[in-house]
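Shared between the two complexes below is subunit A, which has subunit B as its partner in the first and subunit C in the second.
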Partner chain A sequence: MDDFTLGLLTNVGLFSFLALSAYLLLLAGEMSFGQQAFFGVGAYAGGILTTLYGVPLPLAALAAMGLGALAAFLVGLPTLRLKGLYFAMATLAAAEIARLLFELLHFQREIEGELAGPDGTQGFRGIRWIFEQGIEAQEFLLLTYALLALVLAALLLVERSRLGVTLRSVGEDPELAAALGVNVNRFKLGVAASAGALAALGGVLFAHHNTFIEPRNFDIMLGVHSLAYALIGGLGTALGPLLGVALDIGVLEGSRIFGGARMIVFGGLVAVLLVLRPRGLLDEALVHCITSRALQRR
Partner chain B sequence: MLDLKGVARYFGGVRAVDGLELTVGDGEIVALIGPNGSGKSTTVNLIAGVFPLSAGAIYFRGEDIGGLPTHRRLQAGIARTFQNIRLFGQLTVWQNLWVAQNALEDRARRGFFARWLGGRARAREEIFQLLEFSALAHKQDELAANLAFGEQRRLELARALASKPKLLLLDEPAAGMNSEEIGQLRERILSLRQRGVTILLIEHVMELVMGVADRIAVLNFGQKIAEGAPAEIQADAAVRRAYLGGEA
Partner chain C sequence: MRVVVLVLALLSAAPVLAQGARAELACRFTGTDFVYDCLIRLTRAGQPLGGAQVVVGADMPSMPMAHNMAPVKATPGRQSGEYEARLDLEMTGEWAIKLRLSGPVRDQLVLHYEFDEQGARPAKRKARR
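Showing the complex of A and B:
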């Protein structure tokens, strides 16, 4: 496999975590434009732990996920009181605040004769844990997809459970869900925290794959894309957002022949798709149709 | 079972419900009737906790529930249906009932150990019984959005029952039904009473009200203008003027 394909495939895997993060909140009926902030929190926290403190990556990833969940919980506390567009705006504002905080973050130490650590707008260089451990790019790709498969399996199980059905019910009509005995506020906070942890996991892997991160990585475009992944792929199943990432990155790479106009082409395609299928390619109706056919055959 | 003491709700200057006193005894079926805009649905929303009281108090089984949020009132044993059908259209019939099992005892048996000690099997069994009761067993895997109107009404009732309520608030359950369907609904309501469910019924369809209610309270402009047995209400002059359309 050449480096380009390898990098592309790894990116598809990495951004899938972010896509699933946005997807979880969309299922709960909330459109967050701020999931990139938790991706960033994970990237910075994981990078600092492995690079400056020599913490092994698995432990650093767990800690970063915890921090991502905590950050998402704290952001959710005030913002989840808002509805619809106002929630979207508030999460966008929170994410921009997070990005500006990354720009202010100077926390460097001398590691083996060189300064390492976040240096504000200059970014954070030398996150080299996987190279120091002698992990090959292909192995990292496998690791990413193994973790993704694990997360996906867990999500698919949850979706079939009562918890998953409750999640969809809260998304469809929160007032009705409350009238049926669901503590909607607490439920949504739990969803937001889980989504924050997922995004942070993606962020840790992203930081270690790239070895260099900077605040610009976590800007609004990343948040828009994470929503697009889920909305293009479909909200009927957790496989939807993954399809969305593959399509999104695939189309973007494929449309390089359009040169500078490719974002226009891409935006047009997304708009057309969302008019035709507002809940994505794999939407609830299609998924229900497929699963009930599969059941009949059995 | 249920005691409303001077219950009031103002929307700006409008007194939607104004000093309402109403008692519903254990196992009773009480109907609340009145012209459009007389405050019937507002009363249901106040009991269910959709919005807060402007004045007064609501006692449920002796406890003041006026300050409890909606989901806590359901857990305490108050379930409701809606005037305009509200279902989770993207969920199946089965799932609509599944998510509604939120009574305190249901929550207890979803604990880690209780779940494996037959809690799950019992939950399934209860859903099957509700599907039978509502004549929806053949539709259990259909999306709720694809059901016919009458089926949606039956599913709404079944969903309200899924939380094993002690008090059931029915907000115009017969709206849009034909005579045959109203007959079936009457049978269902009467059989619920036999199982010990207390019912507060809001309804315009007199055919249903007169057939099931033990007692009728009449609202007009947010105030109670009469209360009594069905025969007394039919004979009441004030009620006829306000509502039933007599000349008296």
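Showing the complex of A and C:
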């Protein structure tokens, strides 16, 4: 596999974590423009742990997920009291605050005669753990997709369970869910924390794949894309956001032939798609149709 | 199974801090819009790093994912540690040049350069306090 394809497939895998994070919140009825903040928290935390303290990547990833969940919980405490557009704006503001905090973060130590660690707007260089351990690009790709498969399997199981039904009911009619005994606020906080942990896991992997991160990596563009992944792919199943990421990155790369106008072409294609399929390609109706046909064949 | 072995290996891996490679970039505007001929100088522990395979990619940090360049392989230059590559960027401005090294050393270096009609120079950023 050539470098271009490897890089592309790895990016699809990495951003899928962010897409699934936005998808989880969409299922709970909330549109977050701020999941990139937790992606950033994971990236910085994971990078600091492996680069400055020599912590193995799996442990660093677990710690970063915990921190991502905590950050999302703390952001969710005040913001989840808001509804609709107000929640979206609050999450966007929280993500921008996080990005500005990354710009203020200076935490460097001397490693092997060189300063390493976050250096504010200059970014965080030398997150070289996977290179120091001799992990090949193909192996990293395999690891990324194995983790993604685990997350996906867990989400698909949840969707088929009572928990999944509660999640969709909270998203579609929170008043009715509350009337049936669901503590909606507490439930949404749990979803927000899980989504934060997922985004943080993607962030850790992103930082180690790129070897360099900077606050600009986690700006509003990434937040918009993460929502777009879920909305393009569809809200009917957890496979939707993955399809969204593959389409988004695939169309972006495929439209290179349009040169400087490719973002216009890309934006136009996304707009047309959302007009034709407002709840994405794999929406609830299509997923229901496919599953009921599959059940009939049995 | 391969994944399980990989995860176990990752858990038990101790940090092996090898001295990393360093890179400098000198680029010349070719006269064609946004196309630059670049000379990459690689060193390791102060010595030229020859015999490496270098793949060069580029991303625009201010517009992540929107503007990037498909990776190109650099060819060895006239002197040891020198490599040449032609970069076909989409616009002027700050670009993050990603150098993926293999061969005698496996590493990835990211350099930030400002590209314009005069060529390229290291990007300067304002610190926030």
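A few remarks follow.
In the analysis below, the second predicted complex is superposed on the first by the 298 of 298 C-alpha atoms of A that agree within 3 Å, B and C clash if a C-alpha of one lies under 4 Å from a C-alpha of the other, contacts with A are read in each partner's own complex, and residues count from 1 in each chain.
By definition in this document, a residue touches a chain if its C-beta (ideal position, glycine included) is under 8 Å from a C-beta of that chain, and two chains touch if they have at least 3 such contacts.
A quick note: this is a predicted structure, and the numbers were derived from the prediction, not measured.
Room for both subunit B and subunit C is found when the two structures are superposed via subunit A, with no clash between them. In the superposed model, the vertex angle subunit B-subunit A-subunit C (Cα centres) comes to 170 degrees (nearest 10).
Of the two partners, subunit B and subunit C, it is C that touches more residues of subunit A. Once the two complexes are overlaid on the shared chain, A:Glu214 sits against subunit C while remaining clear of subunit B. In the superposition on chain A, A:Glu96 makes contact with neither subunit B nor subunit C.
By the touch criterion stated above, A:Glu30 is placed in contact with neither subunit B nor subunit C.
Note on the superposed arrangement: subunit B and subunit C approach each other to a least C-alpha distance of 28 Å.
Within subunit A, not a single residue is touched by subunit B in the first complex and by subunit C in the second.
Residue ranges of subunit B in contact with subunit A, taken from their complex: 48, 50, 69-71, 74-75, 80, 82, 86, 88-92, 95, 98-100, 102-103, 110, 141, 143, 159, 163. Chain contact summary for the complex, subunit A toward subunit C: residues 3-4, 7, 50, 54, 56-59, 100, 103-104, 111-112, 114, 120-122, 125-126, 128-129, 131-135, 139, 142-143, 146, 210-212, 214, 216-217, 219, 221-222, 225, 249, 252, 256, 259-260, 263. Residues 162, 165-166, 168-169, 172-173, 175-184, 284-285, 288, 292, 295 of subunit A are the ones touching subunit B in the complex. Subunit C contributes residues 2-3, 6-7, 9-20, 55, 57, 61-66, 70-71, 90-91, 96, 98, 100, 106-110, 125-129 to its touches with subunit A in the complex.
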